[in-house]
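So the structure is just underneath, and the comments pick up after that.
As written, the chains take the letters A, B, C, D and E, and residue 1 is the first residue of each chain.
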Amino acid sequence: EDAAKVAAIVKGLDNPFFQTMQQGIEQQAKADGVNVTVQAAANMGDATGQADRLTAMALQDFDCYLVNPISVSNLVQALVPVAQKKKPIINIDSTIDAEQAKAAGFTVSTYIGTDNVAAGALAGEEMLKLVPKGSKVALVAGIVGDVGSNARIKGFKQAVEGKLDVVVMVSADWDREKALTAATDILAAHPDLAGFFSANDIMALGVERAVQTSGKDVKVIGLDGIVDALKSVAAGELTATVAQYPYVVGAMGVEACKAAVKGKELPANVPAPVLLINKDNAEASLKNFPRPGGDYPDPLRELLK
Amino acid sequence: MSNSTDNAPVAHSAGAPEESRSSLAALLLDPSFWADWASVVGLVGLVVIFGIAQPVFLSVANLQALLLAAAILVVLSIGQTFVVATSGIDLSLAAAVMLGAVILGLVNAAGYGIFIACVLCVLATSALGFFNGLIITAGKIPDFVVTLGTLSGITGLGLILSGGEPTMVGSTFLLKLASGSFGPLGYPVWVAIAAVVVAHIALYHSRFGVHLLATGGQAESAGALGIRTNRVKVAAYTISGFCAGIAAILLVARIGSAEPLINTSLLLNSVAAVVLGGVSLFGGRASILGPAIGALMLTALVNGLTLLSVSAFYQPLAVGTIVVLAALIMRYQK
Amino acid sequence: MSNSTDNAPVAHSAGAPEESRSSLAALLLDPSFWADWASVVGLVGLVVIFGIAQPVFLSVANLQALLLAAAILVVLSIGQTFVVATSGIDLSLAAAVMLGAVILGLVNAAGYGIFIACVLCVLATSALGFFNGLIITAGKIPDFVVTLGTLSGITGLGLILSGGEPTMVGSTFLLKLASGSFGPLGYPVWVAIAAVVVAHIALYHSRFGVHLLATGGQAESAGALGIRTNRVKVAAYTISGFCAGIAAILLVARIGSAEPLINTSLLLNSVAAVVLGGVSLFGGRASILGPAIGALMLTALVNGLTLLSVSAFYQPLAVGTIVVLAALIMRYQK
Amino acid sequence: MSAVIPFPDAIIACNGLSKHFGGVRAFTDVAFQARRGEVTAVIGDNGAGKSTLIRCLVGVHVPDAGSIVFDGREHPFSNPDGARKAGIETVHQNLALIDELTVAQNLFLNRELVRRIGPFAFLDRKAMRREARSMLSRLSINVPSINQRVRRLSGGQRQAISICRAVGSGAKLVVMDEPTAALGVQETANVEALIRRLREQSVSVILVSHNFDQVRRLSDQIWVMRAGKMAATVRASETSGNELVALVTGAA
Amino acid sequence: MSAVIPFPDAIIACNGLSKHFGGVRAFTDVAFQARRGEVTAVIGDNGAGKSTLIRCLVGVHVPDAGSIVFDGREHPFSNPDGARKAGIETVHQNLALIDELTVAQNLFLNRELVRRIGPFAFLDRKAMRREARSMLSRLSINVPSINQRVRRLSGGQRQAISICRAVGSGAKLVVMDEPTAALGVQETANVEALIRRLREQSVSVILVSHNFDQVRRLSDQIWVMRAGKMAATVRASETSGNELVALVTGAA
């Protein structure tokens, strides 16, 4: 039997989150004896470029397509020829809009990913534990308009609604230096600020540095669980981060592909693990990086057995 | 030696007329021919290399997909060409596409029907271009500053209008536009072809075109000859905005939703296509086919590299190298 | 009327010498004064408005933070100024900063010590600038295409070198550089001030500076007078690369890690600062203080808006409007 | 010398005209007029303000003060387009050529020949090329090709094209700012013959020149500018080269 | 007419020189020389190739074929910088001014005065301004200000600055391409006096001009170009204006 050929397309590789995802895809593929080609958009704003690349890959003979779209619909048309060839489509990380997919005449075989709103809420709950009720907090978002950033911010806001005072939301474009500058400014404007929530870890690390420089005791919570953030949490700098496991999402995607190629029935929705990391469990997480600190439920692994 | 022995009346051996360009050899030896057709040379080179390395590249399906993918960039490059020909630059082009898309999405979502939505989209982006031109000419502010300002301003406007959320556009008309085809080519490709033809006629067969080039070449002299250089500039920006509107419709049709996100590579690529197409950033020289083919070349590059499964890490390096090489080869012909 | 009655020997009533620029009134009436100092006018305006709206803005701590945040952009704007003065543009500037940072991080991580890392970082970015200049002059390719190509190429190189991962740089030297201060100002601010002073001297008090402006003004005439315009251009790009290296060190010191991420707004802002500083994108006119103050203005804008808690959605709109307004006000003086 | 009663037959006249640029006064309080069907010369030292005066008359600059009357109408136009439409063609000192356009395109700039097809007007490039060739040959001007960009032409070739453009379109008034400065002997003779022919066709001409012989040969009335003022005016037939030198230098 | 034995006292000589641009031949197989300490004129119709020849001689263009000897050395320089260092200053027909620089900066371009402080050389702007003022006044050239950008100067003012630059720095050979085309009567007289003074100081001069009277007044030897060839050469003292016209037009 030939090894299954998998085409994967992820968002921009200018962010470690997606590099880890790529790592997961490639290493799982090696372990499972699957042939994989990973492509990525030029950057996180390159919605059409991502579609163009998928279009090119759709022309080639792959057995399964693993897609992480930049927006809910930018890959829909590029997937039409894939669906016509009756190849399975595995959607990871960011969702493809179901209605659009239906209009275009296909459904995704499965969706594997973490719920960004839930992850944001997890961060919000942790913040509630850390600071007194009614404290002022500030939010640092990614590129304005980014869906993931919006969802994470939304989850955090929902969790702290009425309990904390969100004084400002700035956008730092996923950039560490911009987050640092913005946090410095916010600390100047709100000397009594108690906490920051940042929509990803890179920006959280920049915020943390600003807090350190100011010498104040301000909590900083990030989201993603990249290795630098885990190190920072372990060192007692960053307060906490909500770890998502892009490695696992990628790896599960490959498993799903393998299962689909074998003709197995896939569950429509596979939740990927999310974990809050603070000083208590940071060391353990670091040791296992990029895999989670402990075991996690993986229905797909069961399926392949 | 006093009087020369060579006194035969050689009528104009210096600066002899060169109008008889009929012979192909003369054409191929003329450096300006190569400069004008550099993007073609680059495109043909790419097609040959990719075609040999990966036969799928030359499959009809891939060529169709390639053209489809290039349509948006072609339309944008045409808009950019008009502005660059006046020795300006429109940095707000990609942002205008975003704004047009958002307006299209919102108007459609509000239930006004897709046609009204499309018309309003194009009107809004054209108005934006008009506004750009007006500020540049009336305020005498450099193009770069104004369009950088509107780039930033529109980003904000798009976000505020859309609340930062993407709007789904589930119109059958747009779906057909994106996926239907007439003859061997998809509708978006026909739109791009139409844009090329109309722009070519406007540039080369209308008074406006000559005035555009004159304004870009030497605005002061053009003004002294009675050309309303300010009006010409405003018109160029308005055309650029119009093209952004058309591109926005194609974009929404292609990705099925209107998102308040700016695709900066569209902006840089639109300018790169224009320059690869042999249009001087200092104005006064322009071409429509050149930029269109430049846009095609840039799209083919990404397509070919993807087909060759070049890793995403290596793609930017390859693109950069090839862009410089293309320019290098084309200039060495001169 | 035959001979005029007005025959008094009015030596040079036309084109009367204007060299006595001593009086302040004359200075304020001279449009070129306003054009040259537009960024100052804009900066003062912003400071007054923000100072009134939010007193924290004028606090010593905030002003210190503002200057610190502006240092990187100031250094980059100076580099960009040299290139723009030759009527070029360096689109690879922000990418060069990224590459410098990545090299710094990797060399340091490999255990070679922070000084060697910094030196290699600056050498690499300078070499990159040199390479840009060489291709532009030897290949006769437009600046825009070459630096767009290297922008893309460096993006890839940075990704490949770093494996796409950020590298922590935990050097005490850099930490001190970032957070230490001498007198009221942080070290990065002093670095920026030093850069401004050296660049000002190079531009206004050296032969190179005059040759730079001549090359940017009319390269052909400059060449006819024996100026090696190609060498001047290469030097300008090398200086730009050098500044990118310094900026990379400041950046790594500031954020404590080297990331393979390009900050495109650094690029656009560096050009915006240059233009707001009264430097013509068509070359031949330059200033160092202007762009430095332009950079300060752009940083103050974001700082002030954040202090005023303007929502992220509204910030781009505000920035765009104010950039255009600043330019508008400055031009209306003319 | 402000108040000047215009000749009843003045094609163009101005009064109290002033223009300055920033701190530089180009000229002040200038009265000037040119008779219909005559060749009117303006002479004066370098920097006297001749070109700026010309540019004010043909709408390129807006004067700071003063009035202009053209063909009986006051304030006849506010920009060069208006001036060309009203019937004034100009050979500017800087030639006002667009380097990147071809010879033919320059000759017909803003006067392009078009063919109308329905509501659209398309350039008639063939007709323009044909016309351009005949315009150039009438002046016996030699350029390598009608399709060549003017950037690389020799100084004299460029000037010839600018002259050709101005006289080619049947204007009422042709203004020439140092039209023969870069021309060779033959070409200069051609242009002088051309100016005479214009006068025969009762086209009015304003001629700025530093060549006093030429001025005396060609013109009917001579105006002298000195350091931003209109210093004197004389009939060409009643003056001598020495008097002109004296007037220009202010020795008179 | 290829083989020309150079005068033993030629400051510059060329032989078999040709230059073409793309399809346009500017001149072919030209032999030319200028005697040391003399004023050598080059005349010819528009487009005859005079300026291009000049530009080849002073290193701006590299000729396609032929040899150049300057001051006894063959292939003396390969670029304008070399030519200036070897002692040739040029007034180009397009003046070669940098519009955005000031009058003083233009006068000292690539010849800047510097003060050395250790290893560094700083511009001595005061000295340059002082020198510039005295250079201009020696030629009695009037410009509004030494600190004004040259963009807005009148045509004659610009030309005067270019001449001033060329004669100001003690060259062995000064080449002038139509130096008085835009100048007024007084200024032209000044430049002519200047050329005579140069000759008295035994500086060699090459002069391109369309003004035959001027050429006969000033020069010792006259070379005639016609349609890209060197058609003839005569001593100025042995020729007449009519002969020159005949040589230029090819009627001789």
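What we mean here is this: a contact is a pair of C-beta atoms (placed from the backbone, for glycine too) under 8 Å apart; a residue touches a chain by one contact, two chains touch by 3 or more.
These figures come from a predicted structure and were not determined experimentally.
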{"item": "Pair of chains with maximal C-beta contact number", "value": "B-C"}
{"item": "Centroid-based (C-alpha) most distant chain relative to chain B", "value": "E"}
{"item": "Centroid distance [mean C-alpha coordinates] between chain E and chain D, Å", "value": "29"}
{"item": "Centroid spacing, where centroids are CA-atom means, of chain A and chain C in whole angstrom", "value": "36"}
{"item": "Separation of chain A from chain E, taking each centre as the mean of its C-alpha atoms, in whole Å", "value": "71"}
{"item": "Length of the line joining the C-alpha centres of chain B and chain E, rounded to whole Å", "value": "45"}
{"item": "Contacts with two or more other chains, residues of chain E listed in rising order", "value": "24, 47-48, 94, 142-144, 148"}
{"item": "For chain C, residues contacting two or more additional chains", "value": "12, 15-16, 18, 159, 164, 280, 313, 315-316"}
{"item": "Sequence positions of chain A contacting 2 or more other chains", "value": "13, 144"}
{"item": "Footprint of chain C on chain E - complex, ascending", "value": "55, 60, 79-85, 90, 92, 94-101, 105, 109-110, 112, 114, 120-123, 125, 142-148"}
{"item": "Residue ranges of chain C in contact with chain A within the complex", "value": "54, 56, 59, 61-62, 65, 69, 72, 159, 163-166, 168, 179, 251, 254-257, 259-263, 265, 299, 302-303, 306-309, 311-313, 315-316"}
{"item": "Residue numbers on chain B that touch chain C, as the complex places them", "value": "91, 135, 139-142, 144-146, 148-157, 159-160, 163-164, 264, 268, 271-272, 275-276, 280-282, 313-321, 323-324, 327-328, 331-332, 334"}
{"item": "Chain D-touching residues of chain E, taken from the complex the two chains share", "value": "21, 24, 44-48, 51, 93-94, 142-144, 148, 152-157, 160, 178, 181-188, 210, 212, 245, 248-249"}
{"item": "Complex contact set, residues of chain B against chain D", "value": "12, 15-19, 201, 204-207, 209-211, 213-214, 216-218, 220-228, 280, 283-285"}
